[in-house]
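Labels run A, B, C and D following the written order; every chain starts at residue 1.
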Amino acid sequence: MKLQEYAAKELLVRAGLPVPPWSVADTPAEARSQAAAYLAAGADRVVIKAQVLVGGRGKAGGVKLAATADEAEAVAGAILGMDIKGITVRRVLVAPAADIVREYYLAAVLDRGARRIRIMGSAEGGVEIEQVAEEDPDAIVSLLAHPHLGLLDHQARQVAFAMGLGDRWKEAVPVIRGVFAAAIANDADLVEINPLAIVRSVEPDGTVSESIQALDAKVTLDDSALFRHPDLEALRDLSEEDPVDVEARGLGLSFIRLEGSIGCMVNGAGLAMATMDLVKRAGGEPANFLDIGGGAKADKVAAAMRLILSDASVQVILVNIFGGIARGDEVARGLLEARSQQTRDVPMVVRIVGTNADLAARILDESGVGIEAATSLDAAVERAVELARAAA
Amino acid sequence: MKLQEYAAKELLVRAGLPVPPWSVADTPAEARSQAAAYLAAGADRVVIKAQVLVGGRGKAGGVKLAATADEAEAVAGAILGMDIKGITVRRVLVAPAADIVREYYLAAVLDRGARRIRIMGSAEGGVEIEQVAEEDPDAIVSLLAHPHLGLLDHQARQVAFAMGLGDRWKEAVPVIRGVFAAAIANDADLVEINPLAIVRSVEPDGTVSESIQALDAKVTLDDSALFRHPDLEALRDLSEEDPVDVEARGLGLSFIRLEGSIGCMVNGAGLAMATMDLVKRAGGEPANFLDIGGGAKADKVAAAMRLILSDASVQVILVNIFGGIARGDEVARGLLEARSQQTRDVPMVVRIVGTNADLAARILDESGVGIEAATSLDAAVERAVELARAAA
Amino acid sequence: MSILVDEHTRLLVQGITGREGLFHATQMQEYGTNIVAGTTPGKGGQVVLGKVPVFDTVAQAVLETGADTSVIYVPAGGAPDAILEAVDAGIGTIFCITEHIPVLDMLKVVAEVDARGVRLIGPNCPGATSPGKAKVGIIPGSIHLPGDVGLVSRSGTLTYEVVQALTDAGIGQSTCVGIGGDPIAGTNFTDVLTLFREDPETHAIVLMGEIGGDAEERAAAWKAEHMPDVPMVAFIAGRSAPPGRRMGHAGAIISGSGGTAEAKIAALEAAGIRVADTPSQIPGMLREAGYRA
Amino acid sequence: MSILVDEHTRLLVQGITGREGLFHATQMQEYGTNIVAGTTPGKGGQVVLGKVPVFDTVAQAVLETGADTSVIYVPAGGAPDAILEAVDAGIGTIFCITEHIPVLDMLKVVAEVDARGVRLIGPNCPGATSPGKAKVGIIPGSIHLPGDVGLVSRSGTLTYEVVQALTDAGIGQSTCVGIGGDPIAGTNFTDVLTLFREDPETHAIVLMGEIGGDAEERAAAWKAEHMPDVPMVAFIAGRSAPPGRRMGHAGAIISGSGGTAEAKIAALEAAGIRVADTPSQIPGMLREAGYRA
């Protein structure tokens, strides 16, 4: 689960990291009043940032500065409703603009190959780390935390010194440890601060001081561990999600809506992807990814079918079940149940093999409902694409 | 640092372990009122237990039952002031007597050889575990916690089943984990519950229930880790300690008062023990163990000397310093400082070798104070014993 | 021969009295797998499947039955501990079927498993079958044919699909191994290829990968270096997956430039491994690659 | 030859700019030890002792100077991390002089040190000297004489006492090692005996034990089995210690029947090792045991 910047920053604060104040606005008016407050408190300008879960929002015009409350309202109005890579901006973050002395990069990320949490830091902050990795790999310091002992003090020091934060290493070490701690405390696959910055601030009495601050944050949580962080579920931004995805999650189904016309219902993520690949190869377009999981019962199958059919662009449904834990007869019963409640007449191509496939075939056969049966995956896909073409 | 039973029980409770109520009394009157309260609350009898840091208090008559408040006062009066293996009882624990169904043994203990924390359990509780180990070693289940992962769930289950607590393993597992957790949370070398018991209790409505309870507790803390548990220092029972020991600890000295007449001041615990061994071998009796530590400065040496002299039975002082981190001249200066403040005329045999020994010899020599110098350890010991004999 | 499991396997089923555990234990026993014991805390003393004793702890089970391999059907909350219990009891090969184990738990578990020299397959894996000898896990037994093609896969049902395709084409398998699709797994493609290389009865390889991570790329490079002459065909699921969306498996994330189907296919082909467009092409491509049953 | 340290040792001093670190670094350098680097976070770039560069991290120090051995003078709060920093940087032999490190910290550290195949001596140890070659730690250099007797001890100053006695008697030492008196230590008597057995220039052994634990008993048994013909003399401090009282070292606790001076002396004598009553007897007893310089 990816968190929006504002939610990610909340987790950083809980881990004791220094984050400048921020607020979240859903309307230009909200943004205006928040900006006015920051400006009144001494900020020269405020920054308004689109809250979307895709990269490149800056280049897309989703991050702007404003020097007055009027300007903040106008900028927020322009960003809210903007489309960034297919996502509509529904929320902006408002924060005082920081007086940045220097930008750094810092992250804790799951390294699947090394099977450890990797800490990465760089004095080249504020740009995509992939770009730094390509152009100047020596500018990145990277090391693996111990699987049991975590990030050790000396590792945090090593990162601090290698990032060029040697003259303020005592301030940097808790920040580096904090990023790791945030990953562990929240079961995060990724905690990224880019930029981490040395920020200059001027007190009312004119004193100038500099400190390390986290100015942006990306956090991705491990979905399998959400059960032990019930509070984090509240940070999920449902506004950006397709309501159908939300419903699918409630049903324990793995569902992703796509653009095509062929609804797919498959058991197993790998087989589901392979089925979609074959649909595409045969000239069709899958309408969704759907893995009904291992022990799917009839009622879950029926619910999954309703989800697929809720998409008006679905013209044909392709069911591909290889029984293992899932039993063919259960799936067949679920299909019939869904069919009986179905208001829209969409043709269905069904291929069920493996555990209790014979029973499934008999159930479907005896039902008298017009469900086309296929035994081979290739034939099922071909027929589904053919039906979709006919319907188009 | 060994904790009294009442302090040890406090740590068990903090670790979530089930411990029946208890209170602590310093006078028979206190014990009486506490007993009265337990009896009024439904207890059939109360148990009064001497709080001393030596084993075998039960056999010594330091643990007694009482059925009435009068009896409790009388029993407490008999136990308070009692001498148990040289320790005067100054405090008793008062608790409702438990209706014990069965007794078990459970402990987490530092295993120096294995360099792990060892969990030990037995269905043979209520007796010394050393006796069980000798007579029926198979009655003890014992396993090592992981140095990083701690005591794993399956290890706790294994202990529970092997202890014969299989039919209540879901109740036993948190207790076993709790004992380990108490050791870790407090940096304890030993957390021992003996007996751990299944206790029967009768509710006012006549319902009988059974549950696992910790009826006694021994805890030994790692002195080197006390700095990170400032709250635990408050659990130390100063009443049982020699005030001189308390003062020595305040000075950062390792000091133990003994019975003899030859005060010893040595740097290094091993050399201090060896010096005492030689004194005893030569027919003398050391008055104390004292390790002045590595970098002992003059003022610390002087303080150590005052400690030794505060013991009226000291007839001669033997100083044995092998300079390494400790520098001979610093020690010599400390000795002279102490000598100048000395009210009692006790002869002193001093042997200083190693770092700055020449300087030390010159300082002592030039002082004109009557300090006998010796160059070999054997000669120094022999002379000290001779002087002690002469003084006796 | 075969790898990981065979007729000598003495199997322990952890969580044998649970719904999943009992169902699959029955299937495994019917296939001929030698199940010697099961465990469920508090159910020690029971007997299931006609003759399989149930123990409270793995330590007891190993002591009394000499189990050397275990398969875990314990829910995600208890599965990491179940793996470590098997390790501590001296089990040498552990299959963890359980899905949805948190990644941080698995980081600790694999560190310990590696340190102790134990083989862990999974978690979130379908297990392994050596046709005609033993099946451990949840792969349907009926789809197999004994033979000499080794199969390794990150997927579950997709594995079955390919096994069925091989069997239908008359191509038998030495051992079929599902290593699971989780981001952190005990055994990777290269580990299994290493085992297959040591197996004199495995004469060709089928590798079923999917998008995400770089395990396929590493396996390709290893194969090219260590077993260049062995016929091998691969398949990568997820060519049509939109970038950045999860497709069920946490493993199937495309992050940055790495982990795409294109990158994996390119790496496999660069290593001289043919990549099939559909599972049904695999038997033919194996023969084209020089495999003769 | 010698063990652990010699003229080829490239020594790193962790905590070199501290009071203790700088004092002993000076002493070590004066003795002729090849100190190639020091570390203190935040002091990187300084030079001490005329020519020794100071680094912020051990990793940098190793990279730039090829240090292979380190000695730690870091306070107890930071010492466990200092040990692990040396391990992570690839240091092969680590001496930890620091005392009062909590036991639980050391349990984790020694587990990691062992897993990584690194040699840790200490903590709370005086170090090691190979007379005429190198001294690492805090043992006064002046008391040594080069020779062929290996000495191993759990104590600090008691070690000096015996070294002095040997030197006074004209008996030189190959290496003198203080393993420290803490309950949890990186290296025990048996480990050091194993090293001495492999050293062709060590022809006799002196072992200085003390009450508490059973390391002396285990060393005695090992010696009897693995180096029965090597002359060896032991000493056990704490014969006069009252049971149950701590004598400074956490190690010196008598618990139950084990760990007493009597038990240790009996075990040593049963293994054919003579036990001296006083340090001054040791040179004579070594000769009686067959040692010839």
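Basically, a contact is a pair of C-beta atoms (placed from the backbone, for glycine too) under 8 Å apart; a residue touches a chain by one contact, two chains touch by 3 or more.
Note that the structure is predicted; figures quoted are calculated from it, not measured.
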### Query
Which chains, if any, touch subunit B and subunit D both?
A
### Computed distance of Cα centres, subunit C from subunit A, in Å
28
### Task
Using mean C-alpha positions as chain centres, tell me how far subunit A is from subunit D in Å, no decimals.
55
## Note on the structure
In whole angstrom, the CA-centroid distance of subunit C from subunit D equals 49
#### Entry: Residue list for subunit D, restricted to those that touch at least two other chains
108
#### Entry: Residues of subunit B engaged with two or more neighbouring chains
148-149
### Query
What kind of graph do the touching chains make: line, ring, star, complete, other?
other
#### Entry: Each pair of chains that touches, named by its two labels
A-B, A-C, A-D, B-C, B-D
### Message
Quick check on the complex: what are the subunit A residues that touch subunit D?
### Response
146, 148-149, 152-155, 157-158, 161, 166, 169-170
### Message
Considering only the defined contacts, which subunit D positions touch subunit B in the complex?
### Response
20, 24, 76, 99-105, 107-108, 110-111, 126, 138-140, 143, 153-161, 164, 181, 183-184, 208, 210-211, 213-215, 218, 235, 237-242, 244-252, 256-257, 277-280
### Query
Taking the complex as given, what residues does subunit B use to touch subunit D?
54, 110, 112-113, 115-117, 130, 147-148, 184, 187, 189, 222-225, 228, 254, 256, 258, 266-274, 276-281, 286, 289, 291, 294-295, 322-326, 353-355, 376-378
### Query
Can you list the residues on subunit D that touch subunit A in the complex?
41-42, 44, 56-60, 78, 81-82, 84-85, 88, 108, 112
### Message
Give the list of subunit A residues in touch with subunit B in this complex.
### Response
148-149
